[in-house]
Amino acid sequence: TTDKPPATQSSGAPAASAAQSGQGSGTGTQSKFFVQADFDAQLAMRSQTPQGPEGKPWEQAIAPEMTDTKTFKKDGPYHLCFSNAAVNNPWRQVGWKTMQAEAGLHKEIAKFTALDAEGKDDKQISDIAELQAKGCDALIVSPNTTATLTPAVKGACGKVPVIVFDRGVETDCPVTFIKPIGGYLYGADAADFLVEKVPAGGKVLALRISPGVDVLETRWSAAKVVFDKSKLQVVGVEFTDGDAAKTKSIVNDYIQRHGKLDGLWMDSGATAVAAVEAFEDAGLPVPPITGEDQQDFLQKWKDAKLTAIAPTYPTYQWRTPIIAALKILKGEEVPKVWNLPQPKITEETLPTYLQPDMPPLHYALCGCEDLPGFPENWGGKKS
Amino acid sequence: MLSMRGIGKSFLGVRVLSGIDLDVAAGEVHAVVGENGAGKSTLMKIICGVHAPDEGTIELDGRPVSFGHPLEAQRSGIAIIYQEFNLLPERTVAENVFLGREPVRRGLVDRAAMEQATARLLDELGEGSFGPRDAVKRLSVAQQQVVEIVKALSVNARLVVMDEPSAALAEHEVELLYRLIGRLRERGVAVLYISHRLREVFDLADRVTVLKDGSRVTTRPIAEVTSDELIRLMVGRDLGTYFPPRSPGAGETRLSLRGAGNHKLRDIDLELRAGEIVGIAGLQGSGRSELAKAIFGAEPFTEGEMTPSRPRSVREGVALGIGLVTEDRKAEGLALRQSVRDNALLVARAVGARGRDGVRDLLERVRLAPPRQDQEVRYLSGGNQQKVVLAKWMTMAPRVLLFDEPTRGVDVGAKAAIHDLMRELANDGMAIMMISSELPELIGMSDRVVVLRDGRIAGTLPAGPSEEAIMRLAAAEVVS
Amino acid sequence: MKRALPILAVLVVLLAAIAFVNPFFLEPAGFLAFVKRAAPLVILAAGQYFVIVSGEFDLSVGSLVTAEVVIAARLIDGDESATWPVLALLIVIGLLVGLVNGVITTKLRVPSFIVTLGMLLVLSGAVFLWSGGAPRGALSEGFRAFGRGGLGPVPWSVLILLAAGAAAIWLMRADFGKTLMATGDNERAAALSGVRVHRAKIYAFMLSGLAATVTAILLGGFAGVSAQVGQGLEFSAITAVVLGGVALGGGRGSVLAAMAGACTLEALFTLLNLYGISGALEFTVQGVIIIAAVAAGAVRLPRKFTPRKGDAHAAS
Amino acid sequence: MSGVSVAARLREPTQVVFLALLGLIALGWVLVALDGGQFLTMESVVGIQQRSAALGIVAVGQTLAILAGSLDLSVAYLISLASLVAAEIMAGRDGNIVPAVAAVLAVSALVGLVNGLVITRLRVHAFIATLGVALIIRGVLDHLYDGPAGKVPESFQLLGYSRIGPVPVSALLWAGVAVAAWFLLSRTRLGYRIYAVGGNEEVARLSGIRTGRVVVLTHVLCSLCAGVAGLLLASRLGAGAPTVGTDGGYDLESIAAVVLGGTALAGGKGGVAGTVGGVLLLAVLDTLFNQLEVNSFVKDVVRGVVIVVAVAVYARRLKGRPA
């Protein structure tokens, strides 16, 4: 991965650099995170059928290339270790609950040690070192950042089987890397939807959380590819910091400046409801919008009869590393890159995902409904 | 050796000094006197590089100098004892003495040399009660003043400026200071000496310069002026008698103590009566201020009786009708950045009392000049600031008013005004207690003098006692 | 009023600049929208002002805002009838947090910077511990109305701002304000004049807590539940107050100027946004302007960090 | 030294923090033992040292700033900036290490200089001045970077990873910085002047100290420490990261560590030894939490309470003495 152009050509100020973009689509320069091959691969996986047990997407894999794990085979009971990047947002919260429940399912797991790095790279590096000393049979890592955790993961690979998920590292030493199809698909799914629903020449506003987060950068860069090919006009790309109030203010400003907007692209669902409300408060109809599988958005979608779509980055992927670890320790082969299916919620499937008894920031694709302790442990009410 | 010509200075557009000429010769003690706010300290600060003059020239040994920083003055051999305390409480005596001029050896601070030099200077001064390694915060006010003096001496200066060095000293410590200045004079060091105590000026000075309203009135050999003349030059008028006449007799008892005490005081029996001014004498650290604070409720008595009742807090003291004019008005008496009016009303507001319309009258009554209510207090002269403190308490019409060094650092004119006012209040039926280190004032004002020693009452003297009588009671063990 | 003049002038210039780029700003609706957006920070700054003028800091307001929104969402849980009881509870919590800040600062003599830093950690930890890491539940429409709705064309938040501003100005003219100011200027002198300095400071912290509560209600109402609502608000509020020419260290500055400082900050954000200096360099511009404004307006401000003499608790 | 003065010394906050540290270790040992583990294993001791090195270095710098009556809220962003400057210039090549280190130190010194000059020349309160500078750096970082960048060569990564026996090199670096600062404060004129300026700036000035210079120099030193911390973090991460400083919360956390170590926030009182104790206390606390797998929200609560309680204890101890 030395194909990164110098960082100074960043997409840090998209609005300002929009004018330089030859196409005039308002999407700015392409992100340095964009890798064409990965983009193509992810979009290709969209149409592939996953292999694995029906109804358990967290055990399925798309186009798996299996890797041998016999060398790791050992007898139970096992001590699993997990270095977590953080539990600082609802997505990770839901995922972490799910992972704990999954670990509880298996009697072979005698001990499950987890350390929370609190979003600090340096702490995660120490954590990984500390876990190695605890006699773990397998180490699961959810890296805080890709590049900076690479040395630590490399260091661990020699001692225990390592499983990485959510975000990758710049080495292929882990036994398996688990992830949903990826951010390109997410971004493209959302953008395709707008291209379909918004009339040509329509004004689209893109709202992003913050720059520099790899899993989010891919979403936007894929959307950019789609928008650049379309007849839509991207009037702005703004960062919301995931702050609902800021989101609402930004949308408000754009409504004021442009009279109306015809479509709203978002790189995640956290502030989608706030964006919808901005239109409601202005007394305008809500244009086609993209969100995510969080309950508050799904609820709003239903209540306000939105034209919407919700791509997902499923939290059920937090179950998979436990399953993979056990497979590895039992000597069963696992995919080298474990691509989990990544469904999108559409108008038709909305009713199946809407769970009114779950908290507003709960993620519908947690795959946790069959786990013990559901729904209370995830903050839901028994109905 | 030092020669200043046409020095002028303004602060925020207000002219503080104009056209000052001043010459100081080697080996001379040159006194500078004047009312509060006459500009004495400002002039000294110009000499020492704290302020830059707006106009005029300074020559040192015939060469023009201009100091941009106190450091440059220091390097030219000028040392100063500032009017305000100027020490770091957290550091040791030696560290304070050599502050900014620490001796170094091979690039590192030479602690040993520093402490030796300090010890030697303390020895020379005959100060044995503390050493170079003691933390300044543990020293008494007088001891700290000694440190300031040592600090100035350690510079090995050719000119030492002393801005009211004696204000915090008791009589016998002033003696020490006298001897010290004598020795400096012998070494050919010039001394600029500022004091409101005219006796010191006559005791020490060779020449005296009088400042008034930022201008120099005159400079004369001390032998050519009399005390009354000097006062007239400073104030611009004759002051006549020093003290207002005593009142004929005392009224009802307003407050009485029986065996009262706390961590500093023991067995205090005292009565304060309407119409009477009770003077409190004692050496530094004898517990005079503690007594006032205890009666007031700021550092309450923990034993004994007090009638009508023993206040446990300042508010209880205020509720009993007791007021305290503290000895350090800047640190304890005034909110300097608030207006005259807000300061005058502070007590009334604190206790939620009425009667705020009379502030203007009150300010006139305390003879605040000019009585502008919206001015920030920090721009007032010391005497005027003290009058604001007085007004603050008078809004409450207290039954008992305690004065702790009410005229410290106040010029003769304002002093007389405060004296008049105190007597006037007493005549109106207030009970007044007055602490003062200046014996003439205490003797002149008091209807009765109570002498403290080591937190106990050493004796009580009737009106008009001699200084010797007071000192004998105050310093019994020193004499014996 | 006199002290507020310079910052008001700056504010007017900024507003004019906004109107120049965005004429809609001159219409009542456009202007009201701006005031509505500024209201939470202005109210928070007014609360912070009381603490700063008394010579202290309150770094806990940001996490208090977050905590209040998260608590409200979980307790209301979409139930309309719970709105008012929960609102009352929020106010109690805000006052309580202020009380604790104030009591520890005054009675235990811990510098308020540390007390409120500790409170920041405790609040953010405790509320998420309680809610399981992410907000749960939902705010009711009744609750949201304060930040979203309005009385005819006038948003509630604007009305609440006017009421809060008037109350703050009145408080500073009353005995409380005058004695608080004296306390910030010279705590010892105030105490020796019979001012209950501890109580005054505790009230100041409680007012700050109350202001944070109102801010939380407005922000939660405006944009709904989120774990980020309060992030960084403490620094914005302190910056706003200082922009208004209020001295850190206490005893100086007017509450009107502090609120004008908050409006100025908000206008600055709006302007930067309008001129397209969005995102990245916005912070740089903001930093430069804050330093420049304070430097220009504060030639006589003391720059030491609570170095007043006789301020026993400043020593640890 | 007589017994009395030893007792008096034990009342100093610096000593208290080390006593607290011992107490915490004992408590941790018991708790972890009850949990069926062993508290101070070789790995956790190494972990404690590694965990505290970066914070420790920043906190030493912060101690200087606070002792001088100032404080520095810009260190977190400066650390990020330093890590990026280092990694970008090194670009994975051993030969570039020296210029990279030099560049980091130069950039840090410059930032410190700006902080100091804004405080002394423009007379802006340190809180606002350094907050403003922090915003400026943040804007630059956001503008230029949106993720980790640059590459630190393996040889430089040794700084972050290798160790001599049980002592990591990073801990030695920290110890070196701390000893240098201690030496500076207790043996050099600048150190004396830092105490003087922090104790009372006016007194210092009237005593012939150029207080402005002292404050500026102190800020330069503080920023240099942040720069060194940035270098250390870059060596650990293998790259520069625009959020490494803020994620670590080095601004407020370093102030908390300094205060925990008994240095007065108002300046003029305290020292480096206390800060070292404060940082170690926080690190041991962290290790204990890690061993017990306490969730991060509980950690925040405990940390907040510990800091406030510690400072309250110092305040109480001082109250018992004559003023």
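Going in written order, the chains are labelled A, B, C and D, and every chain counts its residues from 1.
Just so it is clear, a contact is a pair of C-beta atoms (placed from the backbone, for glycine too) under 8 Å apart; a residue touches a chain by one contact, two chains touch by 3 or more.
All values reported here derive from a predicted model rather than from experimental measurement.
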Inquiry  = Looking at chain pairs C-D and B-D, which one is connected by more C-beta pairs in contact?
reply    = C-D
Inquiry  = Taking the mean of the C-alpha atoms as each chain's centre, how many Å separate chain C from chain D?
reply    = 29
Inquiry  = Between chain A and chain B, what distance separates the C-alpha centroids? Give it in angstrom.
reply    = 73
Query = chain B to chain D: how many Å between their CA centres?
reply = 44
Key: Euclidean distance of C-alpha centroids - chain A vs chain C, Å   = 35
Remark   = Multi-chain contacts in chain A, i.e. residues touching at least two other chains, fall at 12-13, 87, 211
Query = For chain C, what residues touch not just one other chain but two or more?
reply = 133, 279-281
Key: Shared interface positions of chain B, touching two or more other chains   = none
Ask   = Which chains are in touch, pair by pair?
value = A-C, A-D, B-C, B-D, C-D
In the complex, chain D residues that touch chain A = 41-44, 46-47, 50-51, 54, 88, 142-150, 157, 161, 233, 236-239, 241-244, 247-248, 290, 293, 295-296, 299
Note = As the complex stands, chain B meets chain D at residues 48, 50, 69-71, 73-74, 80, 82, 86-91, 95, 99-102, 104, 107-109, 137-138, 151
Ask   = Which part of chain C faces chain B closely enough to touch in the complex?
value = 175, 178-179, 181-182, 185-186, 188-196, 251-252, 309-310
Inquiry  = Quick check: in the complex, which residue numbers of chain A touch chain D?
reply    = 7-8, 10-13, 32-33, 86-87, 113-116, 118-123, 125-127, 129-130, 133, 144-148, 150-151, 155, 211-214, 217
Ask   = Which residues of chain B touch chain C in their complex?
value = 296, 298, 314-315, 317-318, 324, 326, 331-338, 342-343, 345-347, 349-352, 392
